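Everything on this sheet refers to the single structure shown next.
Chains: A, B, C and D, in written order; residue numbering restarts at 1 for each.
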Amino acid sequence: MQLGMIGLGRMGGNIVRRLLKDGHTAVVYDRDPKAVAALVEAGATRADSLEDLVAELAAPRAAWGMLPAGAITEETVAALSGLMQADDTIIDGGNSFYGDDVRRAAELRPKGIHYVDVGTSGGVWGLERGYCMMIGGDTEAVDRLDPIFRTLAPGMGEIPRTPGREGRDPRAELGYIHAGPCGAGHFVKMIHNGIEYGLMQAYAEGFDILRHAGSKDLPEARRYDLNLGDIAEVWRRGSVVSSWLLDLTASALAGDEHLEDYSGFVEDSGEGRWTINAAVEEAVPATVLSSALYRRFRSREHESYADKLLSAMRRGFGGHLEPKQPKM
Amino acid sequence: MQLGMIGLGRMGGNIVRRLLKDGHTAVVYDRDPKAVAALVEAGATRADSLEDLVAELAAPRAAWGMLPAGAITEETVAALSGLMQADDTIIDGGNSFYGDDVRRAAELRPKGIHYVDVGTSGGVWGLERGYCMMIGGDTEAVDRLDPIFRTLAPGMGEIPRTPGREGRDPRAELGYIHAGPCGAGHFVKMIHNGIEYGLMQAYAEGFDILRHAGSKDLPEARRYDLNLGDIAEVWRRGSVVSSWLLDLTASALAGDEHLEDYSGFVEDSGEGRWTINAAVEEAVPATVLSSALYRRFRSREHESYADKLLSAMRRGFGGHLEPKQPKM
Amino acid sequence: MQLGMIGLGRMGGNIVRRLLKDGHTAVVYDRDPKAVAALVEAGATRADSLEDLVAELAAPRAAWGMLPAGAITEETVAALSGLMQADDTIIDGGNSFYGDDVRRAAELRPKGIHYVDVGTSGGVWGLERGYCMMIGGDTEAVDRLDPIFRTLAPGMGEIPRTPGREGRDPRAELGYIHAGPCGAGHFVKMIHNGIEYGLMQAYAEGFDILRHAGSKDLPEARRYDLNLGDIAEVWRRGSVVSSWLLDLTASALAGDEHLEDYSGFVEDSGEGRWTINAAVEEAVPATVLSSALYRRFRSREHESYADKLLSAMRRGFGGHLEPKQPKM
Amino acid sequence: MQLGMIGLGRMGGNIVRRLLKDGHTAVVYDRDPKAVAALVEAGATRADSLEDLVAELAAPRAAWGMLPAGAITEETVAALSGLMQADDTIIDGGNSFYGDDVRRAAELRPKGIHYVDVGTSGGVWGLERGYCMMIGGDTEAVDRLDPIFRTLAPGMGEIPRTPGREGRDPRAELGYIHAGPCGAGHFVKMIHNGIEYGLMQAYAEGFDILRHAGSKDLPEARRYDLNLGDIAEVWRRGSVVSSWLLDLTASALAGDEHLEDYSGFVEDSGEGRWTINAAVEEAVPATVLSSALYRRFRSREHESYADKLLSAMRRGFGGHLEPKQPKM
């Protein structure tokens, strides 16, 4: 089927390529004409503006934005809202906050325009192996887009089937789900990323302890100079902690066990933060997910005001500073 | 080659079976004669006592204990120490504390008896797919046992090779490593389990937030009634959080999304605790691994004294309790 | 000076009483006529409605709402907004979210009505010893209300002065501060409560460890049957951990060391949650404050879904459940 | 009564001075003759060696070591053990691990020598205001030393009495307790310090959030440039979070709100670590106390290996690194 794509970065561009390969057609727009040209060469139809893109699409239209969350997505949805008509569908495949989806869908509803949010996992691996998609929106719109999702998803592949799933929604096994009404897709993707932070931090701490097992502060008989690359590798084979993140860890450690390419400054994205806000709103104790986020915050501080205040208190009761009227 | 096995529970028994299948021979002993009989039927040689087992083994002997950590392992190693002779090897394949390995090895060294500790992951899956093994001990003893380890390990299988490992110790790719001197095997296995706790808790918290996304305390427009089984399944396909633990989660949720079979009371084993002690000793901030362990502790408390004390303080400053002399 | 008070619960009523005692006058309104009558008896002027209250106040008016945060405060501010005129002041002394203050102040600004937010600490102790107040709003309005704040605050009392404060804003030593523009008062009060949670949890955990020091799981030589009431008492005298919360703890433990009056179910209020949201928004690692909040969430769960999922995974890899196609 | 003191640092020296002032006598020894001379001038009797000190004391002797925990304490106790006789008492007033007390007491018991452990809080403030003491040991020995403890303790002072303590052990109100058998004193002191870490971290995080409330990353309408010194001061007056640590914080912030004297590198002592080990051994979830300790560990890392590994994983799935055989 036909899809309009707005935003032809790595994700948007590869999504279009995967669709074209499977016989779909695409009308593409990006602020950068080079990005458009590259996909036109791959078989897509060029659009020079959002107006142009909407004009090129046959009704009922489907226009997918693959843009940075926030202002750009907001403006694009607003512009499309003025250009599209009843029964058309706007898809937000970026990393939007699910509350924004809910608001936008409510704004579009009076016009009869559908809004579908798609949490998309897979990164640069997606072109080849497919995208894991979590979708929110009304059933009519989501079902109509099914050929698109089916093409983009990884499919069953060689991953063993989960026992006991007979009779359940077959889409999950193909790598996409209709999670619920608008916002549900980004909500589930948000939690996915929250979990990702927790998993990563668990490995990071474990390897950190292994790394320090040879510390001279330890009794000599219990000091170990461990080969972290071999440990990551062996855990990939039959252990309980095997995972894709461990595969990536083993690969990184095979390259340089000392990880000297990295500064230790770790970014975080909105999803990790929104996960904590959601947990707090639901009164769910998200101890590990919060800790993982906070460690990233801490990684970016050269000096911590909190730490300095600890020192100041220690100085206070350790006696170097003499308040004139000590309180009992 | 020939191996003596002491302790024929699920792990010990299956290890012997896997060895026998691959052409090794085994002399087996267990306090329970039925366990011995079952393995004799599978081709092992019966021993009626530790003395008998040592007598049946050809020098240099190798006797593997697969016993509960603690007193039983301790007694068995002590007994073997009196029965075996220089150049024999005692292998502890259970979940011992690595400090105990260090101590035992030091006690055996004057007698010339080798001590090898093997952290063994794989559980009941091991018979079929092999055991992931982390091995500590002196090189001579570990190398001599190599045929045993090679048989027990999963081997390369269908798991893709990690790029960049060319020229590195090939044993890691086969599923076993010689991690270092005595204790190193159990040390690495301990951290493995510590990580396992963290990973499990990350998934558990994420699904907990998903589970509560439909709570009536949330604004109606942002409430979702999510299908957790489908979510676990879709994440197995192309997402960053795919792992064996997620496979197990998907399987459990396919069976009963409400998990009504479970009380919510979660055990912990020594490894999780020792991991924290090791982190503290090394001054490594193990925030996530500790949180994961503490959540298990908390899961087993019907009432928490800490929580009661919070209530008592709240009552104090909320004014229901009237100390006679309020302090400013 | 004259103050209108809306909401005559424990806090609002006592604030009026403290003002009347010091020579101020008050016009009071509450939905409950009995609450009004009680304060009229104490010397306040009765109002039968918000309209009445506004009519009774001399311009420039000052009306203080001491109401539950959320809908009631919102409605009351909206109603007052329609009744009051330029240069009047609305004061929100409840536990509102500071973002709501910012919004309301912006809505009132075109009408020339001032909005002052007052974070008020002191509970039932406040009538006697005064209220610690953190105030947000424009300087003109805050300064005009200074006689009110001065009366309500605890004053210097017997608390020793902090060395080095010479030349600084003297109000802080009296127990109130003008923290900044609108919202700043509730922001600072919010963090106050966030810290409160952390402090309380620190004591709670410490006493929990003391409480379990006699556990039969510990080696007999290191088991202690401790007197927690005496410990709390002794720490009040010359130790680093002395505090008002410890005074309350000592008092509670003197009454019943087993805390049998308490179920262990601990409430939390908005401030603790908003503190975490603020930390996340600022990218400040609030590890302890978050942990303290989560422990309260956990205290209210009879069964935790997260814990059940841990058990389900353990069953998965421990081998009781047999997926048909185990993944490596 | 007469006391021998070994170790005349700030703590040991001031303890002797406080005893002398109250009419007790002391025999003092330190490796540093200047430290001895200073106390001789204050009225103590000089000892040139441990032998000398023991010889100068009248039986039943009481010798108090105020030495760094670990090797020096260990050696001193061992030496005293050889010099003292039945019914003498060795007191360890330093920060020893309570398990070491238990071991030492057991070693001394066959000789009839008493061993008393005293957890001592008060730092340099102790000389003037007294020491808060938590004491472990057999009742006979502890009772015999009561005149010493009574002098060293702060006494009732101006701190209001806790309601409901009538009929309880009066020593707690004077500032010392006999917590239990050997080790109990240091155990309680250990938990005291564990709590101290948690309290300090709670304040530190709260002020850190306040400090960042003016960040340019926040929406302009919700940015606050707060005066942290005034906030600390106002909370000292009638708020729930008032404490001695807050007094110290107010003092530090009055001096320099930016805390520019401090590097942010925070030490930790054994007690904080042992508290976590004790919690883990008792299966008590010590979430906040652990977090507080870990933040100190983290404060001392310039670069964190854990953080680098997060970056490496992010690079792996973000697609900059291309494993040859991506795993699904």
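Methods note: contacts are C-beta pairs under 8 Å (C-beta built on N, C-alpha and C of every residue); 3 or more make two chains touch, one makes a residue touch a chain.
Note that this is a predicted model, so its numbers are computed, not measured.
Trainee: Which pair wins on C-beta contacts, A-D or C-D?
Mentor: Answer by contact count: C-D.
Trainee: Name the pair in B-C, A-B or A-C that forms the same interface as B-D; by residue number, over half of the contact pairs must coincide.
Mentor: Among B-C, A-B or A-C, the interface that shares over half of its contact pairs with B-D is A-C.
Trainee: Please tell me the distance, in whole Å, between the geometric centres of chain C and chain D computed from their C-alpha atoms.
Mentor: 31
Trainee: Just give me the whole-number Å value for how far the CA centre of chain A lies from that of chain C.
Mentor: Centres of chain A and chain C (C-alpha means) sit 37 Å apart.
Trainee: Taking the mean of the CA coordinates per chain, how far is chain A from chain D in Å?
Mentor: 46
Trainee: Got the chain B residues that touch at least 2 other chains?
Mentor: 123, 125, 129, 154, 157, 159-160, 162-163, 201, 203, 205, 208, 212, 237-238, 240, 242, 244-245, 247, 251, 255, 281, 283-287, 291, 294-295, 298, 304, 306, 317, 323, 326-328
Trainee: Can you tell me which positions in chain D touch chain A when the two form their complex?
Mentor: 10, 123-125, 128-129, 154, 157-159, 200-201, 203-205, 207-208, 211-212, 244-245, 247-249, 251-253, 255, 259, 261-267, 287, 291, 295-296, 298-299, 303-319, 321, 323, 326-328
Trainee: For chain B, which residues are in contact with chain A within the complex?
Mentor: Contact set of chain B toward chain A: 98-99, 102, 106, 121-123, 125-126, 129-134, 153-154, 157, 159-160, 162-165, 168-169, 171-177, 179-181, 183-184, 187-188, 191-192, 194-199, 201-203, 205-206, 208-210, 212-213, 215, 217-218, 221-222, 224-227, 229-231, 233-247, 250-251, 254-255, 275, 278-279, 281-289, 291-292, 294-295.
Trainee: What residues on chain B touch chain D, complex-wise?
Mentor: Per the touch definition, chain B meets chain D at residues 159-163, 237-238, 240, 242, 268, 273, 276-277, 280-281, 283-287, 290-291, 293-295, 297-298, 300-301, 304, 306, 317, 323-328.
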